[in-house]
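Look at the two complexes coming up: subunit A is in both, with subunit B in one and subunit C in the other.
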Partner chain A sequence: MATGVRVLFNDFRVPLRSWLTVNSAWGQVTGRARYSQYPPAYIKPVYLPAKLEELERSGDAKQLEYTPVRAAYNTHTSSVFHDPLVRKFTNHIMKTGNKCLARELVEKAFQEVKRVQLQKRNTAETEEEKEAIVCDPLKIFKQAVENGRPVLQLVPIKRGGVKYQVPVPITDHRSYFISMRWLKEAGREKERTIHFPEKLARELLAAARNEGRVVKKKQDLHRQCEANRAYAHYRWS
Partner chain B sequence: MASVIGQFLRRSSTLVRISCTVQARVASGLPHIQQYSSSSSSSTEEESMTSPEGGARMSKSMLAYQQRAEAHDKFMADQIAERTLMLPSSTFSPRHPSNVFIKKKAAEFDISGRPFHTFFYTGYPAYYQALHDLGKTMISLDQFANRMAHLKVENESQAFNCGGSEWVSKAELSNKFLEELHDKHYIFFIQSMNRLIEHPYSSRAQDFIMRFRKVVITTQNKEEIPKLMYTAEGIPYMTGSGKRKHTEATVTVYGRGSGKIEINGQDMRFFKVIQDREQVVFPLQFTNLLGKVDLVANVTGAGLSSSAGAIRLATALALCSFVDEHMREKMRLAGLLSKDFRVKERKKPGQKGARAKFTWKKR
Partner chain C sequence: MAPSARRAVLLLRGLAGRHGGCGAALGQRCVSAEAAQAPPPRPRAPRTSLTSPVEHTAEQRGLWYTLQPGVVQRLFSQGGVPKQFLTQCQTFAETCLMVRQPSLTLMDFIRRSDLSLPPNKFLLYGRNGCGKTLSLTGSSSTSPGPRSGGGTSRRWLPSATIEGQYDHPLDAVLWLQHFKTQNAELLKTLQLVTQERYIWSRREVTEPDTPLGELVELGIGRARYSTDCVLALTSELKRHATEGRCKVAVVVDGINTFYSPVSRYRCEDRTLLDPKYFTLFQSFMQLFKSDWKNGIVVGSIDSLANEGWRRDSHLPRYLLRQQGWEALDPFIPIPIEDYDDLEMRSAIDYYLDRHWLQNPQAGSDIGRRELAALSAHNPYLLMQVCRPL
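This part shows the complex of A and B:
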């Protein structure tokens, strides 16, 4: 499943192609921030090397030749260690703007994951078993987030004075958010003697194996949605 | 009004002074001026003691009156000339009639009542004429493409690059044709024009296309890239400066280096936070020059994060001279060459922060 991980969080919420056609055909960009410091013609920077290459291959870079570009954020880099999903997760973990600490915690958790996996690999007996163990914490993290993503969500809707828990499909973006929130919460629910990064590492490993609290939470939610399927029509009626 | 003043003037001996106060109202229009000197043209020094017409002697009081009246007229004329300059109507030049009256179509019939234009009975002759022209252009482009294919000429795509411009709006197109177009007309027209642009030889129809496009960005931001300078030892170097929030940075990038980085006399450990270090290295890494050039940076101002941002911009600008056009464009798209305009928003009185409000309790 690791190969099927979709690359999201690439700062292009709207696909570039459709954005361009909107821009060229009607001369208007919809859905921009109201209080942006930049004039509306400015587009978001494309800082990931892979994304840039894709732009050049598709010929969209030629179209953007005349478009002014906003400055890259100070969290953007073209480094191989940079990953938009990890960056997002770090921001979820951050409390009161202490990004240094948040980043440290995530990195420690990744180290722990690596350590555990390497240990496993070293104790494995046959070559095949050794090959099967993934040691890349980034892959494990992505797999864990992917496994924790719910498809539905319960929304309270009032009908005739009674609140019904109505199952509603959710967007990709929100499902990523919920999955990461559950991971973070699972990391924080722990005994006093265990530190957050260790706990988070365990949860990541468990979720990547389709086990653990996060996956259980997802399954519970799906079960509840299934139980409440009779109310599903309240979504539109 | 003027006659009242006239009576008043005849009685008053201090007429000039008083007329000053009255005159602001009088000055609102030239036709209101009344000439008090009975013959302003002929009253000169020589015939001061004679009446203008018959040469009869004038009384002293009459003469004095005449002089005062002349002085008054002169004063009034000066004042009016002065005031009219200050009137709102004189602050802008008169508008051209074409701006006032909406453009209308000329007569579309000849004397016998036959319409000039073939498409007159479509109701939108100019619009359909444009579509007709579009079709003809398309056919000619196709023919050209066929000829090229027949001659087996293979060259690069000559599709028109319409960057920096956009289609005119519906209102502007209506104004161009002097016809009230509907949405369906406009959408169909733009769709058809888009198809023309997609044609592999559409750059041949550039003039036709640009008739219906307006330029959005006039100049591509391609400033002169300064040429590399050389030290006495022959090492290439370039200096760039950048700003971020309240920080300014000047960075000198030396070529043929070993990747040394010096910030305010210290090494990379000037920045404690890893994110800031990443920022300093970002342009070097992006251009694959990490470890090949040396950096000497000077930062002034407050804030470590913004210092890193300023150094990043300064380095990127300096590196422009080291890299080729293609890489420069990539750097621009990555947002390395643009200044970050964002600054802290001020706190507002009556609220907790820039946007945050105090908690509100009814009682």
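This part shows the complex of A and C:
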């Protein structure tokens, strides 16, 4: 446990039952995934302009000059409006590879968030009140994801023929995944007449205020973990 | 206890900060990218205080003018503008339009028109989303007169009065209401009266010298006769204009609808109905003829007003077809282009001013260039691209 956190769950990028080591400093997968078409010497492409500049400024780019680089995905864009977390969330929402639709849904939800907040801003009376209202959908989205992240999870562990729900700490990577999954599920729980982006926007705004289904789910999970604290030692014994 | 477990417990008690310790994979990466460049200050929208399009000159090109709430209420309360534009105006808490070259050209042409001659026909055309409808809206906010919206709907009935014709009672009522709200004051001041005797049924008759307002009221109250009322009203207006009692501006969005050989309706034998049998179409199409004077016709040629299989080009000859081209000849085409650099800059400034663009990079030079490239300088696409930012 000294060098990093071992991940038990199945990461969607690698085949089943593979054990990976997550480097704690960078959050990158350093272990070699099976069936990769690239030899281990190949590094991942750096596609964000800000990050490239940083590499050049710090001189790290010099070291990477002759390192072979993997091909970039077609979702790796150097757009100034690109955000990795939003891209990941879009992929969660996507069904059967229909990225076009997924992107549209996320964009509509962001638009809805902006409309709601701007409406509030327009009706606010004083200048300070207006300035206090956050209208940036990206900030609200990040706050919502942040507020929905759990710190513990329940893992079934078999001891003496009985499966116990054992509370174990969660990695940052997985907590992001679970938070976004909850957000997506909250958006899909709705009446037939309400559209997904609309509901998602409401959930995002609620979660950013530390309310709503996502935050409730997180608190429920934490409560369950607290209740099962007696099983915590099954994690290692 | 392992360090990660201890951290989890501390977090549960709210003692540890989230961002310290083992690095967050996704969240931190974006934060560092964001902090790299400080956001530029939010610019003010370039505005002009001249709210009437009549006063605009080339100096005001690319500036934004505000429509007064009264004008907005009078013109838009019954529809006639895109719904997306209305939503946008609601969000921005104001109704603003940009002064663009086609509107300036149009106003200039209208000013120089000789009204003692048959009406000039100005037809706006351009690619999808380059602002045809909103250019029409901008110019119609000053020109009084009837305004007809083209388009078809599903409610229709065989005509009660003319054999072989078809009526749209509900659409006609809506149009008459629209006409009433737009021209209520003009109808009062101009004191126009009917010149013919209209017999609707054995008991309902409109005598000559009845105010036109009453004719409109009759059409709204009795949906059965509304289509024929529209026909009567347009004929009356044409005659009044020719005799010099009023000036008439006819503003039509999607004028090519009127020259489509098929409608959406099917006859009993399942064949598509020819729109020439629609009384409503006939009553509007007589305004596009050159047999009257003291008026103008302003229309837009829109590929979206055509059937789905005939939208390949945005050029007038293709969209109007032989029939429309001959019926409207001679007309003055006014092309509408996408935004140029000045207008693009102005539009982004306006969005920033209204807080619609929230992304810190949107106002920066590289952000502007990216928005211009993504939207291809097209106003509608720019609106779409700015949605999530």
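The rule we apply is simple: the second predicted complex is superposed on the first by the 202 of 237 C-alpha atoms of A that agree within 3 Å, B and C clash if a C-alpha of one lies under 4 Å from a C-alpha of the other, contacts with A are read in each partner's own complex, and residues count from 1 in each chain.
By our rule, a contact is a pair of C-beta atoms (placed from the backbone, for glycine too) under 8 Å apart; a residue touches a chain by one contact, two chains touch by 3 or more.
The shown structure was predicted, so the numbers you read here are calculated from the model rather than taken from an experiment.
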Q. Subunit A superposed: clash or fit between subunit B and subunit C?
A. fit
Q. For A:71, is the partner it touches subunit B (first), subunit C (second), both, or none of the two (neither)?
A. first
Q: Please indicate which partner A:219 is in contact with in the superposed arrangement: first for subunit B, second for subunit C, both, or neither.
A: neither
**Q.** First, second, both or neither for A:135, with subunit B first and subunit C second
**A.** second
Q: Figure out whether A:79 sits in contact with subunit B (first) or subunit C (second), or with both, or with neither.
A: both
**Q.** Dominant toucher of subunit A (residue count), subunit B or subunit C
**A.** C
Q. Taking the superposition as given, does A:111 touch the first partner, subunit B, the second, subunit C, both, or neither?
A. second
(Q) With both complexes overlaid on chain A, does A:58 touch subunit B (first), subunit C (second), both or neither? (A) neither
Q.
Quick check on the superposed model: minimum Cα to Cα separation from subunit B to subunit C, whole Å please.
A. 7
Q: Overlap the subunit B and subunit C contact sets on subunit A and report the shared residues.
A: 24-27, 79
(Q) Could you list, by residue number, the parts of subunit A that touch subunit B in their complex? (A) 23-27, 37-38, 41-42, 44-47, 49, 52, 55, 61-72, 74-79, 99-100, 103
Q: Mind listing the subunit A positions that touch subunit C in their complex?
A: 1, 5, 24-28, 48, 50-51, 53-54, 79-81, 83-85, 88, 106-108, 110-111, 114-115, 118-119, 121-122, 135-138, 142, 145-146, 149, 151-152, 168-173, 176, 222, 226
Q: Provide the residue numbers of subunit B that touch subunit A in the complex, in ascending order.
A: 161-164, 166-167, 169, 190, 194, 216-217, 220-221, 273-276, 278-279, 281-282, 285-286, 305, 308-309, 312-313, 329-330, 332-343
Q. Which residues of subunit C touch subunit A in the complex?
A. 2-5, 7-8, 11-12, 18, 22-27, 29-30, 32-33, 36-37, 87, 91-93, 354-356, 358-359, 361-362, 364, 366-367, 370, 387-389
